[in-house]
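Below is one structure; the comments refer to it alone.
Letters are used for the chains, namely A, B and C, taken in the order the chains are written, and counting of residues starts over at 1 for each.
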Amino acid sequence: MSLLDSAVTGAPLERREGLLRGYLPVVLAVLVLGLVPPLAGGSRYLVSVATLLVVLVTYGVAFNVVFGGTGQLLLCIGALAAVAAYTSALLSGELGWPLAITLPLGVALATTGGAALSWLAVRRRLDTIFVGVVTLTASLVVHNLLLGRRELTGGETGLVVQAGSGTALRDPVLGYYAVLALLAVGLAGHRAIQRSALGWAFRAIRDDAEAAALAGIDVARTKVLAAAVASALAGAAGSLYAHVEGFVSPTTFAFATVDVRVIVAVAFGGLGTLLGPVVGGVVVTLLDEVLRPLGQLRLAVYGAVLLVLFLAVPRGAVPAVGWSWHRATARWRGRGTSPAGGR
Amino acid sequence: MAIVLDGSVLGLQLAVLGVGISLVFGLSGVLDLAYGAKVVAAAIVGSLVLAGGGPVLLGVAVTVGLAVVLSLGIDRTVLAPVYRRHGEARVVLSLLVTLAVAFVIDGVLVSRWPHAAFSLAVAGPPVDVLGVRMRGGSLLAAGLGLVALAATFLLLHTTRAGRAIRCVIQDEEGAQLCGIEPARVRTVVVVLSGALAGVVAVAQGLASSVAVADGFDLTILAVVVAVVGGLGRVAGAAVAGVVLGLVHALATATVGASATWVVLLLAAAVTIVLRPEGILGLGGRAPRRHTARWSRRIAGPDRTTDDDAADRAGEGRG
Amino acid sequence: MLEVRDLHAGYGELAVLHGVDLSVGVGEVVALIGANGAGKTTLLRCVAGLHRPSAGALTFDGAPLAARSAAAIARAGLRLVPSDRRLFPQLTVRENLLLGAHPRRVASADLRRVTALFPRLAERWGQRAGTLSGGEQQMVAVGRALVGRPRLLVLDEPTTGLAPPLAAELYAALASLRTETGITVLVAEQQLPRVLAMAERGIVLERGRVRHRGSSTELADDPAVRRAYLGVG
């Protein structure tokens, strides 16, 4: 199995391919993204777009782990990020607690929330769409609470995050590297899962939960664990972003701003693939920026482009590229075979 | 009493929304995230007719007609590749494609007519109903919703076409073996669902108004109602809509407008978690997907088929 | 009545049928015999329009079937009873039967004939099909095909999962149907003695090719067939 195949299918690499090759895609992706600030030539605007991009990709990795990995359609990534971000911002701002305490506290809260939702869904054996709608309602509830509890959250106008001002986080470039570091952790973590026994459990569950259970996999525990990992990552990303930006509002984390974009990015990049969220996130962000001059018509063109992309590569860009690559190299090697499941 | 009446007015509209989206999902596994956008598009074009001095009935006819044409058009073009896939792949691709369609429709509406709104003012003084004074428009809207729901049920349960629809929902291949043409049934259902979207637009216009930005919320409401009703179960969606409408009115009266949505959504989430097979439970006779193709979660009431038994033993499919 | 010429079919890259020829004349009962995986179901699904062959010709009453949908073929009088039955689980026995003649109304004489054939069904009239036992479901499936007044009844392993007495009951019903109406039948079956007792002719499929064909007595006496399918000889 080649490196690229492995990145594409998410299949664990065989041992002999070693640590270095296993994590090479992660390292490459992070290095490329790390080049943005030097190349941006001091443009604050570009760095802030890139920061948002990296945060989006991190959300994407979280969604990819839980949905691509175990098939739980967790439509509350934005809400979980909001829970962590607001917890940390409010505890630090109102009570003056240090970030070193409030950041982990917020992440822990988000993790608990996500795991609880997953546990509920597993207990009640909810089907994909049902999980999606329950978590969607959860995220709308969070959104409405943020809007409604004005005296605490500032409602629609949002909240200036005092904590963290004056620290390195507020320097645009350093802030960018902070969120990038988190993304690196997320990608490496996803890779580690793919390479571990847990990765096999994920694949088995996605393929046939019943067969997985018969093979001795604790389906319920694995699913809740996946949701917890994803929620922690999403919470950390949201919280970090709040402190880098110095400002949060319900819109920052709204379903339409976060979850819809995450789904689009991950679906376009390739669900379940390691680099899918990166590719998808970059494309979605670029599309947004390129279409900006169109003004009001932007959304329509954006939709039309997505429509074409989805219909052209329904399984996602990374697998599509991977398959053409595999086919080309196979022909070159004199074997005109397509990979299993390629049809 | 006022709560019950207000709740029913909203509830009937929610019911129509839920039934419209649920029918199509039940038949083909396509969850139409462009449903709200279609409602809004139909309403805005209707408002243009009215603004141009067209008679009210023409506006209504254009609204419903456009909703039908849009539904059919989308189904025939961009959804065609979706129908070539099966199982969960179809469900997921349909979500993405209809989401993109919703972006396109919303985008066009926002850029062309950012401030348009559709409302059908009904003249005349408020009417007394059971001691409560109701606006004429609200009453008309409720009546319209009721008629649309009743017509849908009559179609499904008394006509041959309705029987064919219920059959295809239960077992597409079995229906083919009986000489039923699934493609034709799909056309009927898509037209019906489009007409219901038109009805929602008109009823909303009567009760209050439809603005350009409402599409997203309408879609979310439709999905929530349909899922609370047990996705694909028409009777369930209708009941769920009315119940949620009543919850909304009750919440407005007791906890105030700001917390209303929270109460409504929590009620929906709790219902789904407690009764994933739908608000009516498994006893109803409403059509639902029973084969193993996508809603493998749904199991039969008494004797189970092998697939169902397997699913119950497992944790449900991801 | 049914002509199959040089039929090739498969699933993706996998070829299952490699040029099958078969014909069924009016009033005949033809048995389709073959080991598991020989391609019987594939062949019958092609005939019913549920699976598209990769090459070859299918004609029913002289008219080609290739362009017709499964539903159109069913309405033309070629009715398949699939091995997984494909009933409407939420509808009652009665409603399932009423659907057999769609879009026509079912003649009450046809319903009476089905209940005469399968008296058990009369007792289960209002029960949901999904809650019937396997054998009862099979009866409903056959009954549903019959009320459509098929000219060619195609059965795919009608006795799968049935206890021997029920299987015997089913074949007895088919035999009496045969004598009453002279219906044409193509039946895939593993239970050789049972099906050869009713069929005039048989066709033995092996790995997607016709291996033997002949009258029922010839097949029953053929040592190769006896060894392979009866476990004797």
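As a working rule, a residue touches a chain if its C-beta (ideal position, glycine included) is under 8 Å from a C-beta of that chain, and two chains touch if they have at least 3 such contacts.
It should be emphasised that the depicted structure is a prediction, and the values quoted were computed from it without experimental measurement.
Asks: Using the mean of all protein Cα atoms as the middle point, what chain has its own Cα mean nearest that point?
Replies: Looking at where each chain's C-alpha mean falls, the closest to the middle is B.
Asks: Measuring centre to centre with C-alpha atoms, which chain is farthest from chain A?
Replies: If we average the C-alpha coordinates per chain, C ends up farthest from chain A.
Asks: Any idea how many Å lie between the Cα centroids of chain A and chain B?
Replies: 31
Asks: Could you grab the centroid distance between chain A and chain C? Build each centroid from C-alpha atoms only and quote it in angstrom.
Replies: Going by mean C-alpha positions, chain A sits 52 Å from chain C.
Asks: Distance from the CA centroid of chain B to that of chain C, rounded to the nearest Å?
Replies: 41
Asks: In the complex formed with chain B, which residues of chain A make contact?
Replies: Contacts found on chain A: 70-72, 120, 122, 124-130, 133-134, 136-138, 140-141, 144-145, 147-148, 205-206, 208-213, 219-220, 223, 256, 260, 263-264, 267, 271, 295-304, 306-307, 310-311, 314.
Asks: Would you pull the chain C residues touching chain B in the complex into a rising list?
Replies: So the residues of chain C in touch with chain B come to 48-50, 69-72, 74-75, 79-82, 85-91, 95, 98-103, 128, 130-133, 144-145, 148.
Asks: Where on chain B is chain C touching in the complex?
Replies: 160, 163-164, 166-167, 170-171, 173-183, 285, 287-288, 290, 300-303, 305
Asks: Enumerate the contact residues on chain B facing chain A in the complex.
Replies: 31, 78, 81, 85, 88-89, 91-93, 95-97, 99-108, 110-111, 114, 216, 220, 223-224, 227, 231, 258-259, 261-262, 265-266, 268-269, 272-274, 276, 295-298, 310-311, 313-318
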